[in-house]
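Multiple structures follow.
Next come two complexes built around subunit A: one with subunit B, the other with subunit C.
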Partner chain A sequence: MNHWEKIISSLDLTLLTSLKTLNNNARGAYCGDLLSDVLANASGGDLWITIHRHRSVIAVASLLNIGGVIITGGRQPNQDALIDAEKEGIPLFSTPLNNFQASGRLYKIFSKQG
Partner chain B sequence: MEELSQHILDVAFNSLEAGADRLEITVSENILINLLQIEVRDNGRGISPADIPRVMDPFYTTKKEKRVGLGIPLFREAVERCGGIFEIKPAPQAGTVVTATFPHDHLDRAPLGDIAGTITVLMAGNTPLRLIYRHRYNEKIFSFDTKDFQSLLGEDIPLRSPEVLVWMGKHLVENIANLKEADTLEKFGRTG
Partner chain C sequence: MNMEFNVRGMDFTRAGEASAKIKKALQLVGMEVSTIRKAVIVAYEAELNIVIHARQGILTLFVHPDRVEIIAEDEGPGIPDIALAMQEGYSTAPPHVREMGFGAGMGLPNIKRCSDHLDIDSRVNSGTRLKATIFNNINGE
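For the complex of A and B:
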């Protein structure tokens, strides 16, 4: 399985943007729902795990060059967030898992890669 | 943002960036009807009615070096996740009024935090600024006007000198705490 296939199947992700947003591999991950904390602590290329579904998430993600946004708890993004994500080329996913479960599974994947 | 006072600072910086030299910040806490309202009113260049919806957009900014403008969208999000109301309106004469209204007791409402810090940071800036701060707590009110304060001190002492700022910070902290003192926790529940 390639990089994205592994992540998508392990976290039970649904990709909501187009396939062409999956250009680059993710390098790590950060979990947070306080946007100012994410702004201060996430790094470019990270997957960002959050409960938020509004478009400010996409603005923060684009500012940081986030590798992808994962919305947890089965929540669906607002329509304008989805449009922005497509425009910015940021893959946007949803998962039925919660923040803890999603982080745990990603941690396994990224720690194996070393 | 962990504190509402950080959002207030962001919005007040917008006012200064819009050329304001008069800023009125009002915090009203009314526990009896469960409301916390923050109002920032400036006399800056204003926002045209057509641009008001656009400034709410995180991808809108008039800063040349930026692609996103987050001050307003983040404040708005902090209000709306509590089911509150966020508004931007032109001020009657000139300038802008930003109002954020929260249910006081909402679990996701950030605490007010270090208001005194916000006010002293604003006063420490280089541009001359008349700043009026009001804090209402139920029927009581505390208000502070840098103009009164300047005439008390005399024109020779700049308000932004470190000693004055330290004193100002203490004065604000004490007076805001005094407002809440008489109303016991048992009576009203959450404060701050």
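For the complex of A and C:
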């Protein structure tokens, strides 16, 4: 399985943007629902795990060169967030897992790579 | 080079647009990656402070070869106690803003951490002026 296939199957992700947003491999992950905390601590290339689904998440993700956004708990993004993600080339996913479960599964994947 | 952006209070549909343009401008002139990261964090936090707390404001970017300056000037309630506002966790943001993940009381501390110089002037019931300077360190940090 390639990089994205492994992440998508392990976290039961649904890719909501087009396939071409999966251009670059993710390099790590950060989980946070306070936007200022993510601004301070997430790195470029990280997958961002969050419960939020509004367009400011994409604005912050774009500023930080985030590698992808995973919305947890089966929540769906607002339409304008989805449009912005596509425009910015940021893969946007939803998962039925919660923040803890999604983080744990990504930790497994990235710690093996490290 | 300088650029100026109008920012409107409570306009969350456009929140972050000025910061996105600032990022593009800094990339175009070839600023260091670490400088751009710090400058966009300062710009975004300052822009959102205007959106969340003020009626309106202006975000201005000045680019010099050795540094970036960001000035945020707003018409709004002002900050009665700047030292208190600088403490992480202190916030006066309303609940509906906090529900979006803003207003955690980390904005000004984030700005301070990313700035080499920071000046804040505020008058209650009038407005706030913030000036942040970020040096363009060629060697990264």
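Quick notes on this structure:
Assume the second predicted complex is superposed on the first by the 114 of 114 C-alpha atoms of A that agree within 3 Å, B and C clash if a C-alpha of one lies under 4 Å from a C-alpha of the other, contacts with A are read in each partner's own complex, and residues count from 1 in each chain.
As a convention for this text, a residue touches a chain if its C-beta (ideal position, glycine included) is under 8 Å from a C-beta of that chain, and two chains touch if they have at least 3 such contacts.
Since the model is a prediction, treat every value here as computed from it, not as a measurement.
With both complexes brought onto subunit A, simultaneous placement of subunit B and subunit C is prevented by a clash. Touch criterion met: A:Arg55 reaches subunit B and subunit C at once.
Look at A:Ala40: by the touch rule set out above, it reaches subunit C but stays clear of subunit B.
Legend: residue contacts after superposition of the two complexes on their common chain; A:Leu63 is shown touching both subunit B and subunit C.
Taking subunit B and subunit C in turn and counting the residues of subunit A each one touches, the greater count comes from C. Overlap of the subunit B and subunit C interfaces on subunit A comprises residues 34-37, 39, 52, 54-56, 59-60, 62-63. Residue ranges on subunit B touching subunit A, taken from their complex, read 1-2, 6, 58-59, 67-68, 70, 73-74, 77.
Residues 12-13, 15-17, 19-20, 23, 37, 40-41, 44-45, 48, 100-102, 104, 106-107, 110, 113 of subunit C are the ones touching subunit A in the complex.
Within the complex, the subunit A residues that touch subunit C are 33-37, 39-40, 44, 50, 52, 54-57, 59-60, 62-64, 80.
Within the complex formed with subunit B, the residues of subunit A that make contact are 34-37, 39, 52, 54-56, 58-60, 62-63, 84.
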